[in-house]
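What follows is a pair of complexes built around chain A, which joins chain B in one and chain C in the other.
Moving on to the complex of A and B:
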């Protein structure tokens, strides 16, 4: 949380030492009542389900608890090729996410920042932010349409150039790249807003002195622009975790088809299919524990990295 | 930002940069335009069609979609869910953020950990535990399951709390001296000054509720409660199934397959357009608030 505490105007700091001693005072009780709804909802939907993770060790049917089975479900998972396939693919998408989806808006913002012609800059920005507001149901349909081998726009283009039509959504090797492209397509403009805001705050004098020191354009970017962006990049590196990892479920579920299961099945879809569709709650929960472990270790890692590289040795928490 | 130095290298860079960004913008635009063209074009697809202009403009597909009475209820469901969810989210998170912002009471650090950090790191109970818990609560197949789990959001709380910190504390102190209760201070002083951040949060939450498909897909199976995205998905897939059946039938009857198919492609394109036209219309006006919210959230936060 250090990051959140970083820029703290002195709000409510007067006379803290004395007031802090007692918990319930005439002033604090109404304030606690105001936070109560958020506490109740968070406990209901974030904390109470946590013990439900133990379903991974139970024989749990639609009728309820049938007894403990120990590591039975895990043994089953370890011997299932489908599970390992989903496990591998999840990691592949995480790597592609950090390698391409995360840096794309930074590069995009840097390039857009070089444009001096305001109307063009504004038009590009408006167009690129737009897909963020279109939900995955529609985005996937649009792309299934334009990638369709019969009527799709892309294949019309290929035919016009004299090539053979390609059934893009049936190629397992292509799918990870296709999804990465779609995630960038949908998110790049929106994520760039914040970098552009940070860029507009860079002091012009810094560039002047860099030029006086004989720095060229590239050197200016490396020595002035990137250091100015660094704090934002580090914070978003941690916050983008939810986009990179949690945000996978919907698009994959929408675009997945039996022809590309080899690369499209991820832990989320596996849990959903095994756990909810086939009602094998225990197996689903066991795979869910795996997912939670990946998610937690990933979050702690990115936070650690962020801490390691920030000048104030601060992560998000 | 940078100073003008007109070297040849820089001029070349500027040209390529401009072209590249134009390409990026076109990549965003062309898919949407091509769907739009498909939705208003009666031209059979036997020919290549690279131009994005329709050859035989028609509103036939839109009429088909609008005349389908079954889309109105999901549409109203989505409006209901979005309205209630956004309102609740705004009240719950802005009040909680106020308590978090106050350093003079015990527990403000605890609240940040309990409401923001731990839920983010632990990530709740997962799909299966949620399902079992929702079933025990009896909220499967209700509007509640599409609204309540998303109301309290640590992310929104942090954004609003950070905004509250920019309001001078002296306002609160003088109101306290005048004998105002804490809730009155929040209602009459803090809230009116925070309209900008509330607008941003309302938009975040509004978009999240409007676009939410996953919760309804997993936890709601009663078609009367379906929100628009679920209905949309069902319609698009139905047309694809229907397409396959029709293809076989048309082959048997010796009809022109292309002409029959075009109806289905066109209808599906019209469905897509109907769902994004509202966004296209209001989005330019709201863009500003989003930018604002994002900035408060991540730069200051």
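Moving on to the complex of A and C:
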């Protein structure tokens, strides 16, 4: 650790406190080399494509640039019912995400933190983390099987109880809830890790003091645990807005079908379909740019709100 | 030591990145003409993920045998057209592409991404000796050849296949009308047709509208060649382009589907099934009693299912009549020219490439068949009467198989197929099976002939019924989506047929469909009968 401290100054030190030194030294070169592939990939896939956003203002076909069309693609999009349907559905999923998916790992971590029998705690943690490593394609296929009206376990149970099989994936009103459940099932264990790590850093003396003051379990959670988690929650909450649309594309693409498109189609799948399947690159790029603009404005707004209203007057930027 | 390890590790990371960035280069075969070919399938070995060893063996053999440098570029199946489009947009692909789907090929040609073949090959003797129907088939558009045909084979029908043994168990006849069919679907679902004592069957299955096109044909609403929409030349309407969704009888067609679905006679997962395979699996596992599919499936399913249950029997229904329709659009009896091989516009030496493809695969009988059956002398050879004998290999359990040997070199009435056509291995096994195959093919031909002779089928001018105007190709994908959603909404009861059609009309109008229909009809000297505005 000592050798790294010599190269990288402690976080937060000012320029005046730093010693003037050479950037490339025998010690730092391996570190730069190690970060190089990640930087190359970031530049290649995050920065170089940025000028491609201009396709949103072009007539762009397989033969390339055909001419500028101004805001024509945006005009078309904003007059398209499918686009607004996808827009509405996206926000529904995001709202459900913040309402249920985001708090789920916090609640789960708090509950897990209360378990004192370590083998059980570890078993639960391992089992809940595992789904994170299963690809959405596989998860979707598994659940399509489980929910199948013909073979699915759920319908087997319904039949065994004397009911009629239900084709869950054909019910538009159910789909948002189903997807929310899947997102929680897949992500709760993995997302809880960071909260559990934060919880492990809470000083045990605080709990002892709370007990002496007469606090019960719930009071301890409210007065000690949650305040200790608050900075982590805040940072993750604000950061989550930087890519508020993320994490929906794969499961929706896999699970949606013509029967539930009314509630399942989201902006990402719309962009995929319009831009790639229908080869209307300009339209797809316009929808993508619109989405990116919303994402960026949300991030800046939340950061501002965080700075303005949080007790520590702290945001990300 | 730590520093050295770190340095080495870093160098390995950088080296790995650079290797991935540059990719690997295919070794060139010096001095040989290069033939760049992009495809989804190649001979009997399926898609790019199947039988890699056979593919690796085939290419060097082929190159040595024919003194070419065949550079195959496989793209995976689900996103094949999208990948082609993206790589074309990035100018990351050249040479010849075997395409699927006429509308997209037409669109690429209209945009200038692909070129006219005719100036490249019009004097080629191998081109000139091809059958007239192959040279001037559906890929000849306004005197321009937008794609080299990939097959020349009798157009195969789709028919409705139905479980005859289930009908016998229930004491029912093969249905001939849409009303009788509905009753049979009810009985297949509710009356225990397989005598299992369980509620384990469903009347019919499908994959979207593709595998139930007859449910529209029977209401005089013809669909396009893949059942994706109803904007086609309509024999019920003077062969003009109209939009079948707006024909009055479409309400009845959708109501029929809604009734089938609501009562559970139509597979509840019909609109979730993503491919023909899963739909057929529902047939071969004995779950569903009926499917509209390629005509040969009755024979194939009988052969495969009778191994487990000798009583299984499928029979084809050529068309279900109704008060609306007694004739059906089926391309039976016509010759199809397969998918187009398109030539990328910026291909260097396009003329050389085009002629190389022709001379290599159509100028030599061994090359022609090896494209389908693999290495000559190892996997197949000619028999005494020029029939093709398939030698033992992994697909046929070590038993030689005999395939019929018609081709453009020895045309007969069975199945001449261009070399780059994939083959189903339906006749692998032994001579008897191959004889069955021949008999089956003749049965299919007879069925089609019967349909045409009896007046049950329309003789369509060609397979491609879709409009050939740019205003169509630019919105074709939107039309397909709107059509499917309209049918889905009405079938599953989320909208009434009338509401669904009204929504369809509104969306199509916004899409500019009226102009498209008018242009398509003007091109063939007709006027539109469909009007999208109220």
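One rule holds for everything that comes next: the second predicted complex is superposed on the first by the 256 of 317 C-alpha atoms of A that agree within 3 Å, B and C clash if a C-alpha of one lies under 4 Å from a C-alpha of the other, contacts with A are read in each partner's own complex, and residues count from 1 in each chain.
Criterion: a contact is a pair of C-beta atoms (placed from the backbone, for glycine too) under 8 Å apart; a residue touches a chain by one contact, two chains touch by 3 or more.
Quantities reported herein were computed from a predicted structural model and do not represent experimental measurements.
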item	value
First (chain B), second (chain C), both or neither touched by A:261	second
Which superposed partner A:135 touches (first chain B, second chain C, both, neither)	first
First, second, both or neither for A:150, with chain B first and chain C second	both
Which superposed partner A:276 touches (first chain B, second chain C, both, neither)	both
Partner chain(s) touched by A:172 [first = chain B, second = chain C, both, neither]	second
Chain B versus chain C as contact partner of A:208, first or second or both or neither	first
Of chain B and chain C, the chain that contacts the larger number of chain A residues	B
First, second, both or neither for A:162, with chain B first and chain C second	neither
First, second, both or neither for A:119, with chain B first and chain C second	neither
Touched partner set for A:67, first chain B, second chain C, both or neither	neither
Residues of chain A contacting chain B in one complex and chain C in the other	27, 30-31, 33-34, 37, 41, 60, 150, 276, 281
Touching residues (chain side chain A, partner chain B) in the complex	1, 3-4, 7-16, 19-20, 22-23, 25, 27-28, 30-35, 37-39, 41-42, 44-53, 55, 60, 108, 111-115, 120, 123-124, 126-131, 133-138, 141-143, 145-146, 150-151, 153, 156-157, 159-160, 185, 188-190, 193-194, 197-200, 202, 204, 207-208, 211, 216-217, 220, 225, 232, 235-236, 239, 246, 249-250, 253-254, 268, 271-272, 275-276, 281, 284-285, 288-289, 291-292, 295-296, 299-300, 317
Chain A-facing residues of chain C, complex	3, 6-7, 9-11, 13-14, 16-17, 21, 79, 82, 85-86, 88-89, 91, 104, 107-108, 111-113, 208, 268-269, 271-272, 287, 345, 477-478, 481, 484-485, 488, 492, 494, 507, 510
Complex interface listing, chain A residues touching chain C	26-27, 29-31, 33-34, 36-37, 40-41, 60-64, 79-81, 144, 148-150, 165, 167, 169-170, 172, 257-259, 261-262, 273, 276-279, 281
Chain B to chain A touching residues, read off their complex	1-3, 5, 7, 9-10, 13-14, 17-18, 20-22, 24-25, 27-32, 34-35, 38, 45, 48-50, 91-93, 95-96, 98-107, 109, 111-133, 148-149, 151-152, 157-158, 161-162, 164-167, 169, 172-173, 176, 181-183, 186, 207, 210-211, 213-214, 218, 229, 232-233, 236, 261, 265, 268-269, 272, 275-276, 279-280, 283-284, 287, 290-291, 294-295, 298-301
